[in-house]
Structure formats: C-alpha cells, structure tokens
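Chain naming follows the written order as A, B, C and D, and within any one chain the residues start at number 1.
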Amino acid sequence: MIQYYYLGSIALIAIGMYIVIAKRNLIKIILGLDIMDTGVNLLFISIGYVKNATAPIENVPGPYVDPIPQALVLTAIVIGVSVMALALSIAIGIYKKTGTLELDEILGVKK
Amino acid sequence: MDLFTIVSIILIIITVITAIIAAEMKDLLSAAIALGIMSLIVSILFYMLQAPDVAITEAAIGAALSMAVVIFAIRSTERWEK
Amino acid sequence: MKKALAIVLAILIFIVFALAFVKIPFGEKMSTYPHYYNPITNQTSNMSLPQHYLTYGKNDTGATNMVTAIVVDYRGFDTLGEVTVLFLASTGVGSLMYVENKVKKKVRRSNAVVETGSKLLFGFIILFGAYIFIHGHLTPGGGFPGGAVIASAFLLLYLAYPKFHAKHEKLSVSESIAGLTFVIVGLIGLIIAGYFLYNFLPFGLPTYLFSAGVIPLIYVAIGVKVGSELTAIVDSMMGVRE
Amino acid sequence: MIRPVLLIALPLFFAFLSPIIGIWSKKGVRYLIIFATALNATLAGILLLEALQKPVFDIIGGFQPPLGIVLMVGPLGAIIAFIINLVAFAISIYNLKVEKEPIVRYSMLYLLLVMGSTGMVLTGDLFNLFVFLEVTSIASYGLAAYNKDKKGYLGAMKYVIIGSIGSTFVLLGIALIYSQLRTLNMLDIAARIGTMDPYVKIMAFTSLFLGFGVEAEMFPLNTWVPDAYDGAPHPISAAFASLPAKAGVFALARVIFTMFSFTNFLWFVVVMGLLTVFFGEIVAYTQKDLKRMLAYSSIGQMGMIIMGLGIGTTLAVEGAFYQMIAHALGKALLFIAAGFLIYAARSGKIEDMKGMARNPLIGIPLLIGALSIMGMPPFAGFYGKFFILMGGFSQGYYAIIALFLAASIVEVAYYARFIKIVFERGNESKVIRPDAATYVPLIILAIIIVVIGVYPKPILTVLQHVGTFIAGGA
C-alpha cells in the first residue's frame, strides 16, 4: 500500500503542475511553483522518516531518523524562496512594462 | 491506527485542500494567504516527522518571509486574477 | 480546453509517480537501508550512510545536532552553493528593481502603538535570531532560520515605519564580508589540511557552546549573510510601492 | 598540482569581494571579472593536463565519499570546463560593452554564472549537481531580464517557469534514487544502480533527464530558449549558448553514462535528440530576426549533441563532445558578432544588415564561426558532425542518419543566406569600425576554432578517454 505522506506530497506536486499549466496569471503561476517545491520537500522528509524514532540530536536517546534528507531540504527551501523572489521581481517588471499580469493579454499585445 | 497516523492524515488533507484553495482563488491576496497557511501546516508535518530544523526554517522562510515578498509583489501590481 | 489538458497532465503525473512510490517503504528501520560503497578505495561498508553519520558524526565533527553536522561539515560545499544562490537572488532582485532616479514617495505614518511596540520587539527578535544561529550545532536551528528571523525583525521595522530604508551599501558589505568569511575558512582548510572546508579548529567538548570547530563560525557567517540578503530582498521589493 | 575546487572557490571569492570594490570603483570590478575568468581558464588548462594522466578526485572537507562531497574530474570533464572558462574569458572582454546600470551586480551575476556552469561539470555528487544547476539557472534568470525591457522580462519569465519545473523534476529524481540507495555520490549510485527496482529506476532516469534537458535545450522544454536569448544583453546570449547549455548537456551525459549506464533505453535519447534537431533547424530557417535564428540554430546543435550521446558508441559520443566544444566556441563567436551587427544596423532583422560585416575585423571571424557551425571541413565543427554520422552508421540507424543529414542541409541553407546578406555590397558608408572590446574576443575565438580544426590532434587525444567515460568512469 502506498503511504499517505507520499500521496499527499505527490498531490501537492500535481496541483502545482496544474496551476503552472492551466493558469494565466503570472503571480498565480509563481504560487504554483512554490506549491510544487513544498510538495517535493515534504516527499524528501517523509523518505527519511523512521517509525518511533526521534530527531537526530544527541541530547535525546535514539533511534534517530535519517538526517540527510533534512539537510537536503534545508537547502531546497532556501533555493525555493530565492527563485520565488526573483520570479516575483520579474513579474513586477512585466507589470510595469505592460500594465497587466495576464499572460494572454501580455502575449496578445505582442502580436 | 495510532494517533500519529490520524493526525498526519488530517493535516495532509488540510494541506491539499489549502493548496487547491490557493489554486482556485481569484483574489491573489487570499491565494497567497492560503499558501502561507499551507506552509505552516507543512511545517507542523515536518515537526511530526522529527525534522525540527526543517520545521523552523520552513516556518520562518517558507511561511513568513516568502509570504511577505508575495504580498509586496501583489501590492505593487494588481490583486485580482482575471 | 487548456484546463482539461492541464488536469489530465496533472493526474498523469500523479499516477506515474504514485506508482513509483508504491515501491518505496515508509518509516522502515535504518538497519534495512543498503550499505554504502566508497568508490575511491573500492570498499563496501558494513553500514548505511545515515547510520554512519549517526554513529560517527559526533567524533567526526564535534556537533551534537547531526543535521547541522551534515549541512555545515559533511556537505558544507552544498551549503556554500546555497548561500551563493541566495546571494544571487538578492543581487538579481536588486538589479531588476534598480531605478536610476529614486522618487521620494509620500507614505502614511503608522500609529504610535505599532511604532513603539516594534521598536521594543526589534532588539528581542534580533537577539532570538542570533541565539538560533549561534546554537545551531547544539539545538535545532542554525544559520538559515536564524537569518530569516533577523530579516523578519527588519520586516517589522519596514511595516511599522514606512519611511524606513536599510542602507543597501551596508547590507551588501555585510553580505560580502560574511560570504568572504565562509570562502576564506574553506581556503584555510585547503592550505592547512589539503581539503577545502576542512574543519581545522579543535572540536572541544560536545554540547558546549565553543565546540565543533569551525561549525559555529560558519553558521554565524551564514546567519549574518542570510539575514542581510533576505533584508535586501525585502527592501528591494518594498522599493516599488507607490 | 592544482585542486579542482579552486575553479569554484576563487570565482566565489571574487564575486563576494566585488560589492566591496564596487563602492570605490565600478571599473575596477569589470577588470576584476576579466582577471578572474582569465585565472580560471588558466587553472582549468593546467587541470586538463593533470586529468589526462589520471582522473582527479578532490575530496571536500576531508570526508571520504560518499560521506562528503567529492569533485570528480576526468579528461572529458576537464576539457569541457576548460572550454567553458575560455569562452567565459572571451565573453568577459565583450562585457565591457555593457553600459547599463547596475553594472557591479551584472558583473557578479556573470561571474557566478561561470562558476555555476563549471561546478556542474566538475562535481561528482548528485545533490551538489542540483545546487550548481540552481546557481547557474538563477544567475541566468537575473541576466536574461537584465535589459529591463519587455522582451527581456518575458524571456526571463518563461525561463524561470520552465527552469523551476525542470529543477523540481531533478529533485524528484534525486528523491527516487535516494529512497532506494541511500546515497548521493554518483559513482556509489552507479555501483549499486542494479539493485534498484526497474520501474523506479526508469522514473528516476526520466525525471533527471527531463530536468537537465531544460538547460540542455532539449525538445519539449526549450520554448524559453529563443525568447531568453533574444531578450538578454548580447554578451549574455553568447554566454547562454556556451556556458549553461554545455554544462546541462554534460550533466545529461553524466546521468546517462556515469550513473545509469543504460544500453537498452538509449533509443529514447536518440529520438529526443532528433526531435530537438528538427524543431530547431526548421524553425531557424523561418526566422528573420538574427538573434532568434541563432537561438534556434543553437537548439538544433544541442539536439545533435544529445543524439550523439544517445547513439552511445565510442565514435558517436566522441563526436558529441567534439560538437560541444565546437559549438561553444562557434556560437559564442556568432552571438558576439551578432551583437555588433545589431548595434551597427540598429535593428535585429537580418535583411537590414546588408554589407555590415565588410570590415575584416568582424567579417573574417564571422565567416570562420559560421562555416564551423555549418560543419565545413577545415574548421572545428566538421569533426563533430562527421563522428556522430559515422557512429550512427556503424549502429545501423540509417533512417535517422538521413534525417540528420536533411537537417544539416537546412542549417547550411539558412547560414548561407545570412552570410550572403551580411557580405553583400551596398551602403558601405554605414559600416562602422568595431572597437577593441568587440574584436578581441572575436579574434581569440576564431583563432581557437581554426587551430583545433586544422590541428585536431590534442582534442582527439583527450577524446580517446571517451571509452572509459561511457563505461562509467570519471
């Protein structure tokens, strides 16, 4: 049987993917990318989980969960917020130039 | 089913629902707030999965700061999705 | 039409990856993990990678928080890259939000309660952020959340005092110095021991504040850097309000 | 003896240093960047000589792999890193032509773009590869939008969206691999890849392949390419074609050969490559805008490289690597020349550029670059295409070879048309003399193209190590 944590995180990735493809508003698309990121992070952490284990800090007795995915996700979260900030500032730039955030209108003007 | 499973399933369902709300809201500000709530719940999930470091980071960066950045961006553009 | 296609694609991705994750167990004991193999000495170990970290981590790095040990020491190079990513983001946002002639904007003052309250809180939040990153090798937390907390203190100031502006030059200098510290610590390791980012300081006693060699040093640098970068991003984004 | 990590640490050092220098002197930062890339190119050259003796492993932090991160530099990685840094040096001279503020930030982004691409080539750790991929792509996003006009923003936005989807896929692939093998070192993964569940293995491969395919400009994921190249400042278009694209395709090669060592799944790669070639070359033929034409042509060439990797014989992969080198040099040259032509003609349209290349300082390098990209015999680009063709022949991919040749003819056709227009007689009065920042990089690149075309022995010596690379070595 597939685990509910995996199902939830893959669902988040799929929702994010749906937003990115279906929506035409730039900020909405960026929010979609963030949802995708969060899904992958949750997936990673759940891969590292061990039943009845504690956080990998020596003050508490073991057994511990896998610390590597946690280290990787720390990196991934920071990268996610960096991409988001940059994408938002590009979206603001587009808004300044075209007065809209709707992809259809922006590309329609270009024709 | 133990308590861990029940609480996790409930929180995961809430996470997915907030993500769907964020997807379907026409008001971008509400969508952003829904996303912030989603990040917070995910950080609780991280804590339950014994990842306190990640939970703190997600709460501070994922929920608080990235929301602030999104809200600033919405403030300097427009609030409604067409 | 496009919406239907997107839904179909999303469901397809969901199914395809769900089928892959059916094969992956959840919450299994670490003793079932496969053992690692060292490609340079050509030896297979008798334990898995996470087990090695958890067993020898304290001896190898001196840190009691294994996540910190991995983030700063075992995989410190990733963290250097990650800090660079954040640096790039703040540089990129700054360059995109750059305006030649800054126009002074009229802003409303917020009320006295908010102003006084945020003034009071500011110091405490900074202190808390500093605590998080200084104790990163002992307790949960570390440079990234600590830096984010510091940035949120500045965020509070931005919200309470609409006229508040952090000096960009000061921010970028503190960014630079923190980044240079990280690289120079790495280079000193390369000179002393022949390994980049080698933990060259004595480990000290575990669970003490001054332990784990260079880890606290690097985490302080990361904390300062992340704090000033996130503040710079917030500042650049605030600059566009009208 | 030189440590590969210096190729990453020194640019980082200079990048972190430049804001401090920028307070006093903006000019100083620009020369610092030229110095940093020149230093890097030199170091990469020395590293190449070392890697030819035996693969260099640089253990970081003093922890044996897979505990710590290791840089793994074989001869092939070293030569790609060398070419990347060499081209980066040439382009950094051309960077002096960029006037738009904030120039300090521009220089930092450029230097870190070079650093990220180099890191992608050198690293031997899967997650580290992801981190460098992100460094490269975030630097690219910032630079693509640097002009701050509508074209630039739109191109950058497309790039951000597709690039983020790609990096999500890379992370998913890493998650799949990690969940089964509990390791991140590439050679460790390669040693135990057989123990993975076959379905999970194929999913991991597809995720990583698609993810790195974004940077490698592979077919369904390359819609960002023309817009981003078109909207970016001219030096950055040149850099895009030769730095992140080459790093991305090298990462693909790492995924295919070093980690997965597939033999029965390579037809998929060939098909993707062929689709990319066709999409690129045919759309390029219809373009009227010079930079867009070059961008689509770049897609076509990247497709040829991916195809060469997919055919998978020693000869074809040798061809793919030769093509990588030739394309990095040739496309960078053509984009720099294009920057000059657009500046001289005050228009991006090819038809407005009549006779603009009649100044020998521009014309001769331009001709050399175009002929090399077309695959004409005495120049560098010839060997790449030839080897890929011969490799395909020996594997019996006749239909694919025929299609490949057809695409090459299309390519020759539109380049010939372009050359004819820019060398045509006509408004001689409008032809302007380029300044040193333009012709010095052009001449450097042209000389290298001619040298490795006429005297390919050094390159061929390096490429002899392709056999060990395909077998999963460094």
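Going forward, a residue touches a chain if its C-beta (ideal position, glycine included) is under 8 Å from a C-beta of that chain, and two chains touch if they have at least 3 such contacts.
Not measured: the values here are computed from a predicted model.
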Steps needed, at minimum, to go from subunit A to subunit B via contacts: 1
Higher-contact pair (C-beta pairs counted), A-D versus A-C: A-C
Centre-to-centre distance between subunit D and subunit B (centres being mean Cα positions), rounded to whole Å: 37
Centre-to-centre distance between subunit D and subunit C (centres being mean Cα positions), rounded to whole Å: 30
Inter-chain centre distance, subunit A versus subunit C - centres from mean C-alpha coordinates, in Å: 16
Touching two or more other chains - residue numbers and ranges from subunit C: 17, 24, 33, 49-50, 53, 65, 67, 75, 78, 81-82, 85, 88-89, 92, 96, 140, 142, 144, 233, 237, 240
Residue numbers of subunit A (touch at least two other chains): 5, 7, 11, 13, 15-18, 46-49, 53, 55-57, 64, 66, 68-70, 72, 74-75, 77-79, 81-83, 85-86, 88-93
Two or more partner chains touched - positions in subunit D: 127, 131, 134, 138, 141-142, 145, 148, 172, 179, 182
Chains touching one another, given as label pairs in label order: A-B, A-C, A-D, B-C, C-D
Parts of subunit D lying in touch with subunit C, wherever the complex brings them together: 3, 5, 9, 12-13, 15-20, 23, 57-70, 101-102, 105-106, 108-109, 112, 115-116, 119, 127-128, 131-132, 134-135, 138-139, 141-142, 145-146, 148, 172, 176, 179-183, 185, 187-188, 191-192, 195, 197, 199-200, 203
Residue numbers on subunit C that touch subunit A, as the complex places them: 2-3, 5-7, 9-11, 13-14, 17-18, 21-22, 24, 26-30, 33, 49-50, 53-54, 58, 64-67, 69-71, 75, 78-79, 81-82, 85-86, 88-90, 92-93, 96-97, 139-140, 142, 144, 206-207, 226, 233, 236-237, 240
Residues of subunit C touching subunit D in the complex: 16-17, 19-20, 23-24, 33-34, 36-41, 48-50, 52-53, 60, 73-78, 80-82, 84-85, 87-89, 91-92, 94-96, 98, 100, 169, 172-173, 175-177, 179-180, 183-184, 186-187, 189-190, 193, 195-199
Footprint of subunit C on subunit A - complex, ascending: 1-3, 5-7, 10-11, 13-15, 17-18, 21-22, 46-51, 53, 55-59, 62-64, 66-68, 70-72, 74-75, 77-79, 81-83, 85-86, 88-90, 92-93
Residues of subunit B that touch subunit C when the two form their complex: 51-57, 59-61, 64-65, 68-69, 72-73, 75-76
